[in-house]
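Just below sit the structures, each encoded as structure tokens.
In the two assemblies presented below, chain A is common to both, partnered first by chain B and then by chain C.
Showing the complex of A and B:
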């Protein structure tokens, strides 16, 4: 097999498959990239058994190819000197010759027999949805950050996807805060289905979705959730954990509602966060007629700042983790945010004025 | 103005447990006495020996049988931990009449800072003599005092010299430190244990002076800050002070229980683990704290083939209730226990944070566990530690009722 590719497109493909490449695996074959060809395309695949990624490249040739290439290939391609890369595979000794400009490599490939087969799943009837990559990215960015990265409660390492008729909703939480987001589309026709998608796979997906506008097809299949876009097949194995019922945690009536300029409050909170310390990064929020006062006092010192707000309902003051507030203010892009309070120990709910189907709920810190 | 010279004293009670027993039973005075757990049981180890017993070679930590072989006429006395705590407090009270800067270092050792007290008590030497006499008159316990310009010199003066002198007093200072200390074997330096001694011996460092004469980079490069610290110790330099905060705030709470016999069944060991969890959580709550990390420790029964483990795990969120801590402790135990009989089990709760300030959680109703714990604490406070207990304590493995009669693993 011999082919010439653009360095940029090959590097981009390798960068994508690298997301599922384990640094170390008990199955040594998995520490490689699988290069395969069928009649008219060449594919690169990796898996860490939780995530499978496959990218296809155009290819004309009739020799079937199947070889494992060392993971180093990504860096090798990245640092090549010329814009074109020539790959030659010797089927007898499985060596891959790479040449580009002055640089020449000869990599030792391996037989692919130990590498698990990746069977591409296709959606069963009425179980898939299509969404633009930019919209998907916006949704995931405002949802995934709330999922836990701690390993102590595995269910919260996942984002719960619920599909129901024309509605897709996402729930993510680390038990201290929670995001609830729904999207409606008349074109979608789901049967009722729930799946718990590892937040880690979604964080990696966010990194590779950044290119030009594409259509993403998304569908569950057995124990996986599959994303297909452009030449990429991205399959995340679902978590087999019980997700708690969240219907009771979102209160119906708020005692205080404020609206505040997002950029302004973001700057204030980031200044306050400089002094917030300890496990909880606690700051104090006080709402009184027409203004929100942010206060911190720690071993280093004190700070206080007041922001103008639109305010209705009772006055309130409570302690809250500044990092949790920064997360939402960074992930969103709206002009203003609406914040609902529910008493001193009730949740604080952030809403976006232009999206009634999004809410971010944070529980305060209790000071006895 | 010339910098005032520091006068730091370390007062150490001679054969403390044994001395306290003798004050309670004067007929023992002048006889070889060993304070020892039940000589019939395996935790019958010598906790303290009077100086008459020590003359026969009896040492702290020896098993009872060995002690009897060395000194056939030895009189075994069972420990009374309550008495020792009382006597220790009494000694602290006496020291506090001389200075308000008293830092207890162990049950029978106290640091006293007498800097600037010359007008009150005379020279530090005179003050030390008064302290020794007053402790003897009021408690019947003989103390020894080391004097130095810093805590290290005081400790070295006491351990290496004052204990061997009839008047029970010795002074080290920056001028005489090298002359007295450098000829001592390296193992006598504060901070050097048997392992460190072997390391030094392999480097041909046999005396404290040998270490002092090395360029400081050599121990520093090899052992980092700890190496530098030992080198400074060899020179009698110690930058620590007896200001409040010298003793770091308590980092963890927990206990280790030596079992009355080797436990081989999971149920029995887990019963003890649960009791230790309850105990550690209770102590955390009394301090107004919650723990963030739980540490489980198991020591295998076979001395010749040391086994066991010591592992820790972060809790999902800070906790001070056994119901939250125990599942993690149990998980650690089940993952790391190799199934061989166990001689001792320990549990520690660390990373203590303020219990009154906590992040509320969506699926964990801490208010309920908190008020339950508070109710349990109140019952135990009023009616004793065995008034309310978990059913596991009634099983064959339970140690609660034995441990309730102990302090620090020894009889009250």
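Showing the complex of A and C:
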């Protein structure tokens, strides 16, 4: 097999499959990139058993190949000097010759028999949804950050996807805060279905979703959730954990509602966060007649700053983790945010004025 | 027209500085009638290099004061009764006094073993002070001086002016008449060096300092000029600081006879976990790290830590962590000592969505009931049955 590829497109493909490449694996074959070809396409695949990624590249040739290439290939391609790369595979000894400009490599490939086959799934009963990559990116960016990265409660390492008729809902939480988001689209048709998608897989997905507009097709299949876009097949194995019912955490009535300029409050909180310390990063928020006062008192010192707001309902003051607030203010782009309070120990709920199907709930810190 | 007092009432608080008079010496005189009316000096021995920690008012008449070398105090007052002091006893008495303060307000900043700031709603300060003064005398037979004002600085000065054994107020509107004529030494936070510096530029009273041109003060005192002049004008915006975090809390038991029964040792750990949990909860604290200390029969002592995923104040979580550590490090019985320590303390409890789940709620309510019983009757009234297993002999 011999072919010439553009360095840029090969590097981009390898960069994508690298997301599922384990650094270390008990199955040595998995520490490689699987290169395969059939008559009209060349595919690169990786898997860490939780995530499977496959990218196809255009190819014209007749001999089918299947070989494992060392993971180092990504860096090798990245640092090649010329815009084009020539790959030659010797089927007898599985060596791959790479040349580009004056750079020449000879990599030792391996037989692919130990590598698990990736059978591409397709949606059953047409149960899939299509969404633009930019919209998917926006949704995931405002949801995934709230999922836990600690391993103590595995269910919270996942983002709960719920499909119901024309609605797709996402719930993400680390037990101290949670995001609830839903999207409605007439064109989508689902049976009632729930799946718990590892937040890690979604974080990696966010990195590879292209800036360019492209359609992403998304569907559940057995124990996986599949994303297909452009030449990428991205399959995340679902978490087999019970996600608790969190509906009771979201109160129906607020006691205080404020609306505040997002950029202004973001700057204030980031200044306050400089003094907030300890595990809780606690700061104090006080709402009274037309203003929100942010206070922090720590061993280093104190700070206080007041921001103008629109305010209805009771006056309130409570303690809250500044990092949790920064997360939402960074992940969103609206001009203003609405914040609902539910008493001193009740949740604080952030809403976006232009999206009634999004909410971010943070539980406060109890000081007694 | 609103009066000054009414305006102050609108914005909030009155501050009390409660200062126990000659505390250590008073405790000694109270507990030993034979010392009463005599000069009592608690501190280092007059034959050594120690200093006076506290002296009774009788001793002060001889010119003795705290921080003076004990040897010099002996020269000034040869008939004084010198005592080494019993900190554990003073601390217990101090806790009893602070418990009285807590009946009047939850907002307390403990400055030291014998001094605390209390915040009360405006208009209630003086009456509360009089009541506290009376209660401490009636219940504990100790005298104290209380300064009352609108801020910490003036409350402190008020107590200095009133002492001993009295309640005194110094209101902001009285600053000009009462504070300004005083010499600079009366202003808290102003050391002898600063006083000398001020005297040299012609400032000898607090009133002079309040009226001095700011530029002049800035030239001599730089950044602190502003605070200095504001103090002289009776202005102080420092809030009460009720949270003074301890670094760790621990419990330890040495057995009078080496303990070989693992079940009995677990019972001790349960008691320690319950006690630490109680102390954490009553301080509004949670701990991130649990450490187990074990001393084996050969005196080898180990301490092993475990960091929790989230800080806790729950008895069972502390106990379970202790047991996990014990299981790994128990070595060979018997054991001489077992201790449990919690550290990485955080004040404030991040509420979790699980706090509203039924099972968690039940355990928390149980702990709250036990805590209330313990508050009311002292000691562990209700405890987990694990502790009933063969209570071991112990040395405290």
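Operating definition for what follows: the second predicted complex is superposed on the first by the 366 of 368 C-alpha atoms of A that agree within 3 Å, B and C clash if a C-alpha of one lies under 4 Å from a C-alpha of the other, contacts with A are read in each partner's own complex, and residues count from 1 in each chain.
FYI, contacts are C-beta pairs under 8 Å (C-beta built on N, C-alpha and C of every residue); 3 or more make two chains touch, one makes a residue touch a chain.
Everything numeric in this text was worked out from a predicted model, so none of it was measured.
Q: Determine, for the superposed arrangement built on chain A, whether chain B and chain C clash or fit.
A: The answer is clash.
Q: Where does A:13 make contact in the superposed view: on chain B (first), on chain C (second), on both, or on neither?
A: Touch status of A:13: no partner.
Q: Answer with first, second, both or neither: which of chain B and chain C does A:366 touch in the superposed model?
A: Both chain B and chain C are touched by A:366.
Q: So in the superposed three-chain picture, is A:244 touching just chain B, just chain C, both, or none of them (first/second/both/neither)?
A: So A:244 meets both chain B and chain C here.
Q: Quick one: is A:282 in contact with chain B, with chain C, with both, or with neither? Answer first, second, both or neither.
A: A:282: touches chain B and chain C.
Q: Between chain B (first) and chain C (second), which, if any, makes contact with A:46: first, second, both or neither?
A: Neither partner.
Q: Residue by residue on chain A, keep only those touching chain B in one complex and chain C in the other, then list them.
A: 150, 152, 173, 175-176, 178, 244, 246, 249, 278-280, 282, 319, 321, 345, 363-368
Q: Please give the residue numbers of chain B that touch chain A in the complex, ascending.
A: Answer in residue numbers: 292, 314-318, 353, 356-364, 366.
Q: What part of chain C is in contact with chain A in the complex they form?
A: So the residues of chain C in touch with chain A come to 239, 241, 284, 288, 309-311, 344, 346-357.
Q: Quick check: in the complex, which residue numbers of chain A touch chain C?
A: 150, 152, 173, 175-176, 178, 244, 246, 248-249, 278-280, 282, 297, 319, 321, 345, 363-368
Q: Can you tell me which positions in chain A touch chain B when the two form their complex?
A: Residues of chain A touching chain B: 150, 152-153, 173, 175-176, 178, 244, 246, 249, 278-280, 282, 319, 321, 345, 363-368.
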